[in-house]
């Protein structure tokens, strides 16, 4: 192929890129809608009802925020496995501020966000300073955070109490419509930060090629910390909504906190594959919704929970992975 | 020198461990001046450039730009000060669109309250590309999807977008097609007219002599000479670079084709996206040259010959053994060796030892019973490579990244040579190596030929092809347009005419 | 540069603080370890099993020697398991024995590893929680080999397994709730209320406690003509359980009965039910934790049952008796097998339950101490077990002066 | 003279973390660490981690991740256990290993041919395989033959372990499989150009990882006296912790050394055992474990960067 011809095609691709992308988007949306409609038919119309869709959306809010948090932190190439433990700690701190100190919603939200941000930024700072690989650092620090939560739990148990519970107050944030409004605000904020801000640019540059970005004058550690800060805010919101939704989050031990991020992690990986069609932040919300839907529709269809539901979820994740690789040849990693 | 000096560096020093990469280097560049910088690999020219470009910190020395002291913190800072660079170490961020790469690190003017105005950025980027005549690249395209040449163009435009007083170009011309090369030369002379300075590094001595005003020659971390380009010859420069006389030419001296009757390898109707209907036969003791422009399909053909690249139709056969080569492993088992084009990305594990890199190509040779890869044999073999190719190293356990480019290439080539392979496919074996190593590689090739080894030499360097090959095939747009026999009458001009 | 230094200083400082906390606590731990060493030398000094009993008896005579008893918490952070641990610690204090608690971190393998570790640490006896039936013979064998007495608590293995162990020399007995009975109990209760269609919201499929409760419920409920429409298995975190309950209620809006198999799942189900006003179902829960009590009080829960994890008190007492050389046996001579009854808590006693069970310990120090001694027999245990009902316990508390007659009467009449 | 110190230090350096941990616990736990029973307990802890690591290191060295090992172990053990009811010991071993092998191949296939990222595949497998185990066992424990439990006796386990671990060491260090795996981790493209059948070796790595999961399942079933649907929970994280703490790079490549994995496994075993026998309360134990792991890894990196590399560089 001649140089000129190749350039011509690439130019066409550049100009036609928007159209191609639009076409891909429409196809994907149609495909998803079709699957949802088929599922609805199979479940005899109980799947797509206003209340059920609202419930699914409402249930996906926490995961969506966690996945958005991942988008900022994991995209820097830092797989932080302590996020589950951070969220448990943050939720409890928020709960204590809201209930025990009596700061109400402000305490809950600020407590969750502040502690998630502080812990996440501390993690990233320590990773940068100590140069410990993020994987192993996450495992180690998760133990530390879990232990701190556990010490609090034990102190409560000794008093015959459980860890802080919101009881019946401050539960509005975790319920529709508040949580859905928060979700949409969150998605828009994430989209803007990711695509239209300096933090987002630095994050994408460093995530793609640290060395070059550094030589081009991007402050690498600064970018990582900033991304961690933003990611921490999303994780904090996730903890606050979760705390408000569940009322109580019990600290766990033995790295069991990592299990709590398995499903969001699957959703994140799904989002990465979808990010070829949608913007990563939008994809994050969509994939959280899809994963929540899977469990919902399978329950409605009477598929045994805990067993076949999980098998089907695992299979869906793999199939999505395969499909996305088929549509594009280039391997990301 | 009555012209106004734009840039001056004095007594620059840089150590890497115990190596004195730059030892008291001083250089001054006046207005409207094109300077060539040349030297063997490891002579210190890249180090000097990277210090000027702000990529590496200097150990000592002072730099002045337009009369003011100049201390760049990074490449961006250098750019803001008016020094634009296209350097090998620097690249682009694949995960960002072209436009963002252009302005990465200096997006302030598109920001309001830390929010980026993306559209304004793209618009500006498009204007910059247009300004320098490269409007065929879409600024919204993801950089990772660009070709190597296009990436170089983006880097060039980024350097130019700083409106630099000094433009530094490190081995950029090799990556460019003829068309873009001409454009570049146009830009350079335009800048010269505007009174800017240009510092140019290339291994193509002829090109350098043609373009530049003055050539500075470096050796062992020191500047050994400066020559006016119109008063010097490529031969003199070569001599200065190496520090001794190279006896005339380092190519083959015979001017007649010479090879055996036996057909070692035959390609039959090879078809792929990048080339069509390629057929040829490789004889015993023959050096078959395949030349063409970078995108004419020559490199892809090389990959196909070694079965690294899947072909759509046709086959690569070994007539004597009546075997079709389908996998690289089979090719290796059938005594073929392959030196790919990109040494550091395709051929060598740069963070691994010489021993492992040598063994990688000779696994079957060092294998004993039960799949045992004998450490003794491995170190013996790599010792052999080091010895035979005179690689400057501490020993077989030396990590490749600690070697100079030339020595890396010696490892790359040597690991096949010591195995006495029947057929060698060499894709640009002398790319990016200095003259000393280059002539050594040619010697090895001639020696191999004498021993009856057949070589396919793929190259876009015409003197090398003319100087070394028994037969040469010229490719254009994925097709063989002409096959020529070795003769005294072969000239570069004649070949170029066919190539383009 | 300066900022960098500051951060590294901060990092170092932080790790120093962490190390100090670590050293501090391990320092105290090593202190107790030193104390324990004496006890363990006595133990190991006694050598073989035959002579072991004699040595233990002599220990008993010199009653100032404290025993160390090992206890495994299968997963710290699960309320019911943590309450068991708390009760264990209270009992140990009452009986004057030294506790050693290990965290199995939710891993079956660790249950076994930690038994090894406890033996190596020189404990005198072990009370063991068997998450899986298979663990009982394995742990029994390990303790027999090490020559230390052991008792089981909370989880009752099948009779088959128990009979394998019963003949063992160092086996002190078992005090446990039968999870199937717990489920049966609710199943019967719900069936009596005339409910016909039920869903069960429960924990992990891999957790035998939950599956046994679910199956027990199903058995009785369906025997009485009801139907269990669906079982929602999954993680026990509240948010997951809420989502699960939500989905189940969407799928089966026509249910009239919901059974949640533990406290956290129960809390989640209350929330989910609140979001489904179209569902008119009664909620039953197992586990009497504070939130469930609140639910009972508010009427969102129809009834709840549980044993408040007193089984560990009995198991520890059995073990200490065994250590004293006085193994408690059933009438047929096999080591004691105590089934701790489940009590169903009517909502009028919630306040008192809260103050007496949750905030304090269900048994007083004296009561626990009364279970240990050379003249104690299985009958004493059984008598106390039979006595384990809400009213009788409250009567005892009244007699001990923990509550007033007015409080008691007020609750009764509610 | 000084040069020798640095060279020697460099030699023992990878084991420094282990030595430090052993020293700490020798002091804190008094004489309890070095009793026969306790050493046996440590060996018992280390064996499954080492065996799992011996398989997973092939995957890790290629730069991939295998999250599915714990669930795979459970599935292999469960199916093996069920098979053993009819076919006895031989059936148990065959089926366990076969299941491990086949699931490993399946993982590898998805990765190599369908190009799905390893983390994604194995995370999905982690969730799905565990669910299958739940389905098969219906949450109940399954009892197995006493001969199978007997396999866990140290007299049988240790020799088998030694043979396996040596065999895997041989394969990893001295054969094409290990060599090519390191190359793939170093630079997959170079591997392809050097005639390595990347797909084959990727599948092979996951196969070995699965096979070792099968072996671990055999001992685990013996250890816990039967099949429990919960077995192998978080086993993969333990193995990864061991590998990474030992110094195997997360990105794989030529720095992946077998001894590092073994060192890491021993570190973990000593740490967990030491904390337990030192009677540290459980929640504090986890805190200390986390801190010690981080401090040890940090010191290794710090000392290597600051002193040893510097000294060696000067020497040249």
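Which chain is which? They are A, B, C and D, in the order written, and residues in each are numbered from 1.
Methods note: a contact is a pair of C-beta atoms (placed from the backbone, for glycine too) under 8 Å apart; a residue touches a chain by one contact, two chains touch by 3 or more.
Just so it is clear, the model here is predicted, and its values are computed rather than measured.
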Touching both subunit C and subunit D (chains): A
Chain whose Cα centroid lies at the greatest distance from that of subunit B: C
Pair sharing more residue contacts (C-beta pairs) when A-B is set against A-D: A-D
Gap in Å, rounded to a whole number, between the CA centres of subunit D and subunit B: 43
Between subunit B and subunit C, centroid-to-centroid distance (C-alpha), Å: 72
Length of the line joining the C-alpha centres of subunit A and subunit D, rounded to whole Å: 29
Multi-partner residues of subunit A (each touching 2 or more other chains): 130, 144, 150, 153-154, 253-256, 259, 304, 306-307
Touching two or more other chains - residue numbers and ranges from subunit B: none
Contacts with two or more other chains, residues of subunit C listed in rising order: 18, 76, 103, 105-107, 204-205, 233
Chain-level touch network, classified as line, ring, star, complete or other: other
Which chain pairs touch, all of them: A-B, A-C, A-D, B-D, C-D
Residue ranges of subunit B touching subunit D (in the complex, touch as defined): 17-18, 306, 308, 327-329, 331-332, 338, 340, 345-353, 356, 359-361, 363, 367, 370-373, 375, 394
List of subunit A residues in touch with subunit D within their complex: 130-137, 139-144, 146-148, 150-151, 153-154, 253-256, 258-259, 262-263, 265-266, 269, 304, 306-311, 313-315, 317-318, 321-322, 325, 331-333
Subunit D partner contacts - residues on subunit C that touch it in the complex: 15, 18-19, 21-22, 25-26, 29-30, 32-34, 36-37, 73, 76, 100-103, 105-109, 111-114, 116-122, 131-138, 146, 204-208, 210-211, 233
For the subunit D and subunit A complex, residues of the former touching the latter: 110, 114-117, 119-121, 123-132, 134-135, 234, 237, 240-241, 244-245, 249-250, 282-287, 289-291, 293-294, 297-298, 301-302, 305
Subunit A-touching residues of subunit B, taken from the complex the two chains share: 54-55, 73-77, 89-96, 100, 104-107, 111, 114-118, 136-141, 144-147, 149-150, 177, 179, 273-274, 293, 295, 477-478
